[in-house]
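Each of the two complexes below includes chain A, the first together with chain B, the second together with chain C.
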Partner chain A sequence: MIGKIRSFRSNHRRTHANPTRRRPCVPSKMLPADGPAREAIETGRTRLLITGAVIWAAFGCIGLRLVDLSLLHPAEEPSHAAVSERIETERADILDRNGVILATGLATASLYANPRRVIDPDEAGRQLASVLPNADATELAKRMRLDRTFVWLHRKLTPRQQWQILRLGIPGLDFQREEARAYPVGHPLAHVLGYVDIDNHGIAGVEKSFDDRLRGDREPLSLTIDVRLQHVMHAALSDAMKEFSAMGASGVILDIKTGEVLSLVSLPDFDPYRAGSADEEQLRNRATLDVYELGSAFKVFTTATALDTGVVAIDGGYDATKPIKIARYTIRDYHAKGRWLSVPEIFMYSSNIGSAKMAMDFGTEAQRDYLSRFGLLEQSPIELPEVGAPITPDIWRPVNTMTISFGHGIAVSPLQMASAVAAILNDGVYLAPTLVKREAGSPKPAGRRVVSRKTSDEMRRLMRLVVEQGTGKKADAEGYLVGGKTGTAEKQSGGSYARKKLISSFVGAFPMNAPRYLVLAVLDEPKGTKKTYNYATGGWVAAPVIKQVVERMGPVVGIAPVDPASPNLQAEMAVNVTSEGHTLASF
Partner chain B sequence: MTATSRTGMTIPLTRTDTSVLSRWWWTVDKWSLFLLCGLTGLGLLMTSAASPAVAERLGLPPMHFVMRQALFVPPALLILFMTSMLSPRQVRRAAIVVFMLSVALLILTLFGGTEIKGARRWLSIGGTSLQVSEFVKPAFAVTAAWMFAARRMGEDIPGNIIATALLFVVLSLLLAQPDVGQTVVVVAVWFSQLFLAGLPMLWVALLVLVGVGGLATAYFVFPHVASRVDRFLNPQSGDTFQVDRALEAFMNGGLFGTGPGAGTVKAHLPDAHADFVFAVLGEEFGMFACLLLVAVFGAIVARGFIRALQDSDMFILLATTGLLVQFALQALINMASAVNLMPPKGMTLPFVSYGGSSILAIAFGMGMMLALTRRRPGEQT
Partner chain C sequence: MKTYSLLGWLSLIVVASYAMFHISYEVEQVENELYGVNRQTLAEQEAIHVLRAEWSHVNRPENLRELSRELLPNLQPPKIDQIGSLQELPHRNEEGILPASLRTVARQ
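Coming up: the complex of A and B.
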């Protein structure tokens, strides 16, 4: 065979060696065997070789392409991957003040389909529905029949679900890696952290207010929350809510010296993974969004204003023998003494008459001025989207001034209340409450002075007095020098106050010789029990919460109990209860 | 054949053996014959691998296409052997008869054919449908070769003009269906023969330009051609589902394939057993099997060309070339479509794809090729 080709080639060369014979298309009638006929055959053979070369080159191309496809491409993702649908789901972690993870991202797989490649949507839908909880086979089939190349079927599968779907082997389905938000603490921090939507966009709480920060930066966000204190407050409030069959509760712990929110609880709460199925009562943040008439706790502000404006000195007093009649209201005392009361007595016995008289002394303007200084007339500046605006009188008449003096006719959020009382106890300097931990080395937050040091000092003694001898004895966690003020307000319903529906609260702080932590507990519609002789007032239902919280948090924050009877402390806490110079603290 | 192999111990003896079978056996290109039979066997194998999935999708019994293909293989082999025994003169006559018959049936197809997806390509005869265009290709190749050779060798007939006239008859009938793919094959056959018949290079260049112009015209005249070309050039412009799946099949198969029957591409491609059988081969048997198949096609073409080179008869040179160009081009178009080297064009892979008309016609064509390339003692140079 090879020999034959060679012989052909030599013939071929010979042909071309003779230029006179190169007119292949010229026809001639008679063709000698060795003449133009031979030449025609030779031309044909040459061109056959060219044709063969072209065909072989084409086969060669196919071979190369096969090698290219099999060897150089196999690791590649299929080119049809739905890149345009890719969703950025990564978010930074959220930590508590000690670095405990409060929110993080877990890698999960989400199921999507390319409907054009699903062979039997009905069968595929049936099979998927057998694996996915709450999935409707017809709905899935409907999606897989859409004329698109990408439809989500189920977001964020568990590894087990993914395995089961893989086992079904349905063509046209694929998985997309996504991050699912995980909240290891769960319920207790649900309101603070908030939650994200299916695409991991924050839509409530810190997740919403810091959405850009959390999505844009991989650095974790550190909060001021101490998850241990959060648990302490959550547990104590939950117990009280259960014990007194309250419909809701909220609690705040503040660092008085920095304005940092160490704990913020709202009950009832919800499962952050199922925020969508929680009802409005659960989702509402009662500590920041709800505003309440907080009742007698407001006497802290009334007394502080009176002392700071100087209309009355701490050894002064008022006649509280008769109820005050103004407009259609009659102001009377709950713990009526029916006599002249000193300022400490008015405060510790929570006298409405005395407080109203104080307010009338310093007047409406001073009241507005001081309430504004305490941050009670505008929204709390806390870094949460769910912040309620206070409700204040449209026209501030004398009667408003009187009722506001004991906490009626003005509604503020529990957090506002906590910050205001903390300001009075922080040597009279207001600090904006914050949820974001200050970076080490950054300057201390600048506050603003709201009352004098002297007023602050007098208020801290008066608040200790309430727990020692007044309405707040049940808040006295032994050795922690708790001080505070009870609050019991009747809830307004349809324009009048409902006797049985109370907002019972206690705003406390400790240790009162040098106030460091503010603890507030509010119970919404608590019911009295046998143990409380059917009382549901702040002193009976909220004060024990404070005691429990302080006792549990003391060791956590490193405050050791002290002996309240020690002479140094006695001197620090001394108050003249009566104008005659009787020193109650020496009892 | 056993009888001849017994005597075949010494070659000179068989050359003088007078029996037809013996003469055939010792003159036919046994390599090509062996490779063609191998292709037919591979065709049955691939039909069994690819078609059950397709049949199931069409609601037919899984083995429907396998049974039908098995039914067509014996007659195809018979045609291959019988045709290969013909003498060049008989080949010419057979081709002319088949050509005339095909043209007549093509005309009939235009009027009485079954319309599928906007094209009339199938003629229903006695319960079976026939794709006449498959038969016209080999018949035209031989008929045109005869005309060109006659003209070239100085016989007093306007062979080139007749061949070209025949081309236009076939062309118009195929484009009327329309069937652009078959048209391209027939024109390529005609052109390669004209080229071999000594067409001046200036004319060659001119005709290449005309060919390119013709393809461009097809792009603008036939919307389905335009759509396929657009999607080839710019995959984003439309649905490239079939090609994507075919490419995935090759990537998925890797070097050695997923194993017979283990592929998935056949479940998605509507023509897995015909136009995209190469992709099924790639997925289930791997790259090496595909390269082997390409080599087999290449070897058959090479064997035929080498035999033709040794022949001094112009007609045999041209006819063999025409038949092999048709054979090679079909294989090339089918495989190039599957690996996305060109816009997808429905073309059967000779002997491997499912299809009755296709396998019978290609058997006829290759039978003629074998007959023409047989050694003819005394006529060789």
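Coming up: the complex of A and C.
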């Protein structure tokens, strides 16, 4: 091409009659001086000049463009190499305290159609319906007939479905990469984690309360939950629920020293992938949203208040001979002893009469003050959207003070109960329960003192006594110095208490020489079995759950079993149960 | 003289433009390679991500319990008398278990 142009040009030069040129190729005498021939030559010369100029310009352009494309352009265009080197996820992962993945995003394909390019919507709909579950062929065809360029057909396909659709080869369909939230641990954590909607917005649990954090920050969110303990609690509660045909159950494990929630279980639970088809009973978080009258477990607070206000000392006691009649109620003892009872006895035999008398001694004001200090009069500050408000009397009459002393007439959530007891055992310092793991090295949470160190120490011994000799013997996991308090309350139905519908609970802690972990189990409407002589009280149905949980979790959390008979421990746990001089003093 | 300098310039231009194009193409090629590697890294990361989720799923305590029930029927939860401290271990006679060359090391 270039050669041709050159020869063209040299021809043209040759015919050019320029006298100033050094080496004219053609003698001028060969050219006709003028006339039509000369004119023709002139025309030809002009044409050649123009053609040449055009071709030069074209090649110039091509050359420039070539340089531009090969040398200059790559710098301007987004470089191939600038692909991000980390996979991007829409929502941050959620981890347990040991880094186990609890929730993560997995890439999936979603199917959409460009209806303008779908050739036969009816046939396409029929074919798709054969691959997609629960899909209606006419509905799909209708969507593919819409006058739009984009319409979703099915969100978040499984790899198998995607492959089947690809194999159908229907024109006008395409896939969009989307993230599907996966919960590898599944239903035991369903209530804690919650779930997301189809557009990955959190709509329950931690997914909701930390929605902004999870969407904004790519760093995974570490919870305080321990998957192993969650499993231990979940399994123990499931077994108990089955054994006693209970309606529901909930359980909490707290780290007394930090307020961290290690396990939070609510049963029945649901499959987080099918939250939409779960019923209300399954979706409700019984550990935080439901409030219950927890019965005798409240005697922990009554006794702590009495000891802390100093209305009675640990070696004092009350006459529990006769039931108390107040208004239309009669307060009687379930495990009646019919005599004067010392404070430790009132606590270990769970005497309603003794507790009511204690409460009358310190009075309504002190009761409200202390219950409020324990965090029982307001919602739990846990980082979950599903938190129930406690139910307290509108007008706090003396009869309320008395019934509240043994846990009737006030309803709190199991988690509130757990944090309150943990506060008493944490040397009397209340720590807000939390689900989010503290960063290593960050300062310890500042708590607030609710009872004195002395009261805390006395309560520690009393709670051990209940398990050692009182109503909670079935919670005694050997070697772990379990302490606690049973609770059995009749459920209210239509304004009156139903005898056969119970809320049976046990709030325990271990090891009681230096309380570290609090374990709470609540069973909703358990029925007694032959094995329990038809009893369905806290001591019979909930205490064994605590025992099982403590036995399993002891080795996991690294608490070494001890010999409770050793003299050191005996001294640490000593309580004078019967105060001399008072025993049978009244009668 | 003028011809030579012209020739010199011309050859310089030719060499320079060749070098320029050559480097440019080389960069493009290397960039393509990097793109490929990056894509592969991403694909691997994605695979690892899925595997981690899968590990967490397969490793959940519920599943392990079922597996150990099925495959290790004699394995029971530990009893407290199975848990002890190192101090409780009786001292073994060193002479019998260690070769002479290691005895001094063990003593230290």
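Methods note: the second predicted complex is superposed on the first by the 491 of 587 C-alpha atoms of A that agree within 3 Å, B and C clash if a C-alpha of one lies under 4 Å from a C-alpha of the other, contacts with A are read in each partner's own complex, and residues count from 1 in each chain.
Simple rule for what comes next: contacts are C-beta pairs under 8 Å (C-beta built on N, C-alpha and C of every residue); 3 or more make two chains touch, one makes a residue touch a chain.
All figures in this text were calculated on a predicted structure; none of them were measured in a lab.
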Touching partner for A:V227 - first (chain B), second (chain C), both, neither: second
Between chain B and chain C, more extensive residue contact with chain A: B
Which superposed partner A:I101 touches (first chain B, second chain C, both, neither): second
Partner chain(s) touched by A:G338 [first = chain B, second = chain C, both, neither]: neither
Touched partner set for A:W56, first chain B, second chain C, both or neither: first
Contact residues of chain A, present in both the chain B and the chain C interface: 70-71, 74, 79-80
Residues on chain B engaged by chain A in the complex (per definition of touch): 57, 151-154, 156, 192, 195-200, 235, 239, 241, 244, 247-248, 250-255, 264, 267-268, 282, 286-287, 290-291, 294-295, 297-298, 301-302, 305-306, 308-310, 312, 314, 317-318, 321, 325, 328, 332, 335-336, 339, 341
Chain C residues touching chain A - in the complex, by the definition given at the top: 20-21, 24-25, 27-28, 31-32, 34-35, 38-39, 41-42, 45-46, 49-50, 52-57, 59-62, 65, 77-78, 80, 83, 85
Residue numbers on chain A that touch chain B, as the complex places them: 1, 4-5, 8, 24-25, 27-31, 36-38, 40-41, 43-45, 47-52, 55-56, 58-59, 61-63, 65-67, 69-71, 73-74, 76, 78-80, 116-117, 119, 171
Contact set on chain A toward chain C in their complex: 70-71, 74, 79-81, 83-87, 100-102, 104, 106-107, 182, 184-186, 188, 227-228, 230-232, 234-235, 478-480, 551-552, 554-555, 560-561
